[in-house]
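Take this structure first; my questions come after.
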């Protein structure tokens, strides 16, 4: 097929523009169709070239104008890069025109002409190789933008337009001076010839090339000097700001990329510095924003800053520069255009009013897709871009840049996720009527972002090893979300079962334990879902997202797969947790900690990959670059998920407020993901004889203190689910401590605790969740005497707390016994004593839980409460069976585990004689103990039955009440602040010191943000002053460094 | 006060930049290689005595196209930006302009128009060209507007002239691809005798089109400003 | 170590002896306390009579299943510790089922009885029994701290956790009793013993005060009988545990009776002298001197 | 000769810029802007000056042979043409903005247009 | 007590005892009648003594040897009970023990005047005691003087009403007189 020469883009567009001018006012629709035709033509041309060049049917082609060779005339180059950029620009141009159909119609042919010329100018900027020509068409673009800004009526638009004109006027003149002097010193205006004459060598040319680059950088709105841009984003018509942030920014970025050829090494360094400062600065200021469009302005400036930094940091030579650039660019491009369009549809200024989106689930889904794409979550292109960027930069040893990027993107996550949280949870108002023409572009861009996400992932190295099956399952569930809950529930159970079927056979024992916990546990916690009537929209996709993430986590071989699975799991769990009634705040704090942790892990992986080739997970054992620091980073990253001391404040809220069948999923299963990470890390650290003794010693202390703080926190809780959440923190403290002992017994303890915690926490949370569902209240002092109404759940909770407290016959004791031996053999006596003390405290809140809910006086309004639904009891009794088996025959699991661990921890293993476990210190025979206690209990029961005559059942008020008559059940049930004495004694340990620290940190960041954003005083002239002073300052720094 | 002091400081900084450029400057005695090529075989390749015109129209034709679009843009923006609903409310009585302007305008307007047309017609021969000629024509219109404020410029014709000449310009460019070497190549017409009116290929046509376009656009802009002022009075 | 019939019979016999000795010891102890107060005091066999009377009460009520099972849990707690504790060193008959679990099993088995009592009292519906239970549990958390430290230092010193080996290591005269070789651990453990027995300074839980007698308020008749039997067995067995760990174990029954009497007498002796602690005082008391002693015990042995 | 022209152009540019940055009245800023532009155009033309060169028009004076050492550099003059038109366009648009802003707020002081801030 | 005009049957009932409606967590209304729901009015099921005389005699001996007393210290008699625990009148040697809870006690000493107001408490504690139980009424006062004389204490089981001849004012009652009663 013959390729249309790119010059026709200019010819056709201008022809159409002039013709529309001719049509004048009357023929609005004709000129609009002409506009769409021209834009379609442009898209086809660039699309055709992109296809041709990508599949290299044809190679890059120079287009000469005026019949002469380049130095004497202007030439256009259509290479692969240009084709990609022009296609992106034209697509958003076409869809933008469709989106602004009504706007453009009202304004008449004038605005349509300006819009068409803007798109044409962007094409020429990208294609043209002549300096002055680029300057001219940059000017055409800026004047066209100034024209389009006024499309929006009102004083804001006009003043923003004026500030825009002022700024671009100055920038244009600076560039003109640069161009003229470049011509004076190098003798040519054509870019390729200028580069051949190496402008850096001659002093004059150096300064003029600096001026040109400075102009382009200012065009890309660097941090202190971009007040004018923010006003434009805020006040212009959303369609136009979409154009600005996606099309214009992409073209300008490409121009900067073209010009960097003539910039010397030190200027590139300064460009990356400017980019980083912009990225971190504008995201920091974005935190305090409440106006949606202004916040989007900050975010797009931040993203463009990041892209500028990439152009500066990553040497264009190495292969994956293009991948990183395209990844993050497409991420920003699709998401920003989409968000601005949705802003146009929603028309709400304050971000709190965006919950209006809840009336239109598809629009809400698209909104969340774009927000998550911006924050760099997995399936989207910017995730791969950011991964490749961090890996590339850490390979070059630029760790400072990586840290800056991660800090900046963390700030961005803060305000974007808060916004997403508002839109999901706040009260929905009335959504203004959505026109079809506004809806199509948003949907197309939604699909586009998923498609590019897939393509970019295939392009990243090791990207093709990613298994996409779980995401396909989630997609199916999303599509089928209108079905009633029980169909979807069975579907997701089937899917989890299928994952389990794929993963479990042939898995090595260590991973098998986690696989069983994640997947079988997943099935069990999904079963209560059958009880729910109605649709339960949005629950099953997020549940499958979490379980899919967990499945991927297990089968991950290389770091990229691991990190991909980690983020998917975090995403899924976020959407699950936020479903609770007041869980918006808690889900937000959960997300911040997880994202912070994820970035630490990313930094850790970056440091691991230094000096190593490939990404396989067993690289963790050959870390060359600061091994202890890398290991510490990864450990802290995983510990945010296991809620260790200092990183635990999100857990009580997140698990306490979650829905009744979500909290078992999250606390019994999800916390184990962090443990899984730690296990992999410690195995890779070299098992027994590793050189990280200091690190694991501190981890041990952290584990011990977490156990103490967690259990103490639980004792004084009045809210049943919060009590269980705190107890999870305590139990996770145990697990962390056990694993950091780094001996076979230690690890056996760790695994026993993990399995036990999974079983009994699932039981406890399921039954308490069911009770909360039945009684409608979380507070324990409002419950009481439910044993008569819910005997089965009483038995389940009883077995749960017996295992939790580690009382002999049941499997909890196996953990305690192994723990004792491990601690004494390792020699960590004091931590062992603290953990034992925490263990006894565990017994306190176990009694409080079972007493205030089941025993004591039955309240009036609970007199005809029914037993927990069957679907809640079934998983509990399966788990009880599990506990019984594990307590009767612990060697079923511990023996294979022991052999598996022998490799990493050869010294003093656990020897098994039949069912009797012999360690160096003592011995323990679970089965005999079980039998002895069982028979003894039965004998004594018979003895009591024999001796006592026929015992007469009495009602609840026949109690020894000092001769008085008990008034009402509420007054005769003591459970509020039942450990008052204990609180007086040890209450000081529970003072919220750590939450205080985190509050202080957030306030500090917010106040800095608030203080620095004062520089945008709104005065156009001061913006111009910022601009010029920015040029002078950068010039002085640049010149002084040469 | 501090603000002004700060501004002076920045200006001094910028002056420093310019000074650093100035040190390197040093006027040269010989043309740059690019310029020497234009000088020596400009006439042969393009056939226009006025080298500046040949560079502006053919060698760097795309720039000029950009030029024309800028003007077209500004005219379009100002027209729909300052569009004032002419509800026909009673205009305030115009101030009658002085005697001198009235008589002078009657005499000068045609002369200025002819001069403008002359300038852009043989733009390739004598100094000047499309833009300069267009500007001169625009002055003629200004003079007219100054003379009697009530002069009602017919927007329809102006817009028509504008877009027709723009389209023609693009058409010539496209013809350049079909017939001659590249976009906007002027060899679609015979170069003709050097120095004659109809020589140097399509340059005279392009430049006259540009002249017409610029003239009409500038007057369009000015008349728009005038209309808005009219309501003010 | 298998379940031969003879083993079971010997164990039952051992249990009978321990039960009787427990009751007699309780009686004698109360007589001594009375004599201290110049009172004539109860006849030695009074506990037997009380037991018989309680078992023979004609009418009985129950508040629910858990209330009914409470005493069973409690008694199985006491008997359980007896079963897993090797009483007489060296003799196969009297080492009961200690082959199946070591010191840690016994340490954690104490919870079993307490859990039963707590749940039973809770089911009783009496508000104050719950307060009694909460006081008992909170006291128990800190009572165990010095005990754990002592046990850890013992385990490190003898490099074993099985009780029979500890006793074996202490044979041969007074010189190598733990009391001599590791005095700090012994003192710490003996202080925590006070708390475990629940005598005077720490008897807030069962003492007759504003919450009638704490958890067992609602219990009567046969439940009370079962609780009393358990109390008897528990005292003897716990004393025997401390005897094995710190005072060289017993090679024959007579030695066992003497030592358990003395150990039990120690806690009663302190009980008579000191007034009762409030709940936070007793919780904090255990985190003062006994804790420091425990830490020294470990440092000594490191 | 060209050094004087260059200095004047730089001075013009700086004065124009000072005008833009310090004047409070919008119209005065636009005047500053046009000053800034003219300075720029003078600069562009001086860059193209060749000592002893004449206007780049081939006529009797230059003849048609080795014209290159007789004329001044024509390229900057071509570029200045475009620059002037751009300057015109920008100034026209700014005047339109000034008009609109005056219609909205009846004041031409830049400090009155501070709605969009922080 | 708030008087309720309409239904005079429970005009003496405390409002806690009256029927009341309560909203259950799932919104339905529950009708609560405290008298039926919270209090059990079934008669205590007492099992008959053993058939074999010897066993019964032995049990009676044991019961007599360990009498656990629930003191209802009102009026002048109650001051006499504490001396029982002193060395001089040591009741412990007869197996007598003071028990604070009626559930666990067998003997019920009402050692002073018994007015109507305290009658309710006596009846309740009495009912909470388990059979076989005995009541020790000290001196005539409780029967004749203040109370209305028609006190019908469902005195079952072996009652031992010890009439003390001593009509001297309170002081003369001495703890040692308890002992024969018990």
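We call the chains A, B, C, D and E, going by the order they appear; numbering starts again at 1 in every chain.
Definition applied: contacts are C-beta pairs under 8 Å (C-beta built on N, C-alpha and C of every residue); 3 or more make two chains touch, one makes a residue touch a chain.
As the structure is a prediction and not an experimental result, all values here were calculated from the model.
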Chain E and chain C - chains in contact with each: A
Distance-maximising chain from chain A - centres being C-alpha averages: E
Most remote chain, CA-based centroid, reference being chain D: E
Pair exhibiting more inter-chain C-beta contacts, B-D or A-E: B-D
Inter-centroid spacing, chain E versus chain B (mean Cα positions, whole Å): 119
Between chain E and chain D, distance of the C-alpha-averaged centres to the nearest whole Å: 113
Centre-of-Cα separation between chain D and chain A, whole angstrom: 51
Mean-CA-position distance for chain C and chain B (Å): 109
Chain E: positions in contact with at least two other chains: 44-45, 47, 101, 103
Residue list for chain D, restricted to those that touch at least two other chains: 13, 17, 21, 75, 79, 82, 86, 89, 93, 100
Numbers and ranges of chain A residues touching at least 2 other chains: 132, 136, 139, 143, 146-147, 150, 177, 181, 183-184, 189, 949-950, 952-954, 956-958, 960, 1025, 1028
Each pair of chains that touches, named by its two labels: A-B, A-C, A-D, A-E, B-D, C-E
Contact footprint of chain B on chain A as seen in their complex: 5, 7, 10-11, 14-15, 17-22, 24, 63-68, 71-74, 107-108, 110-111, 113-114, 117, 120-121, 124, 128, 130, 132-133, 136-137, 139-140, 143-144, 146-147, 150, 177, 181, 183-185, 187-189, 202-204, 207-208, 211, 1025, 1028-1029, 1031-1033, 1035-1036, 1039
Of chain A, residues touching chain C in the complex: 785, 787-788, 791, 794, 798, 802, 805-809, 813, 816-817, 820-821, 823-824, 827, 829-830, 832-833, 836-837, 840-841, 843-844, 847-848, 850-851, 854-857, 916, 920-925, 928-929, 932-933, 936-937, 940-941, 943-944, 947-954, 956-962, 972-975, 978-979, 981-982, 984-986
Interface residues, chain E side, partner chain C - complex: 44-47, 49, 58-59, 62-63, 65-66, 68, 85-87, 90, 92-93, 95, 97, 100-101, 103-104, 106, 130-132
Contacting residues of chain C [partner chain E, same complex]: 30, 34, 37-43, 46, 49-50, 52-53, 56-61, 208, 212-213, 217-221, 224
Chain C residues within the chain A interface of the complex: 1, 55, 58-66, 68-69, 71-73, 75-76, 79-80, 83-84, 97, 99-105, 108-109, 111-112, 114-115, 118-119, 122-128, 130-131, 133-135, 137-138, 140-142, 144-145, 148-149, 152-153, 155-156, 159-162, 212, 217-218, 221-223, 225-226, 278-280, 283-284, 294-295, 298, 302
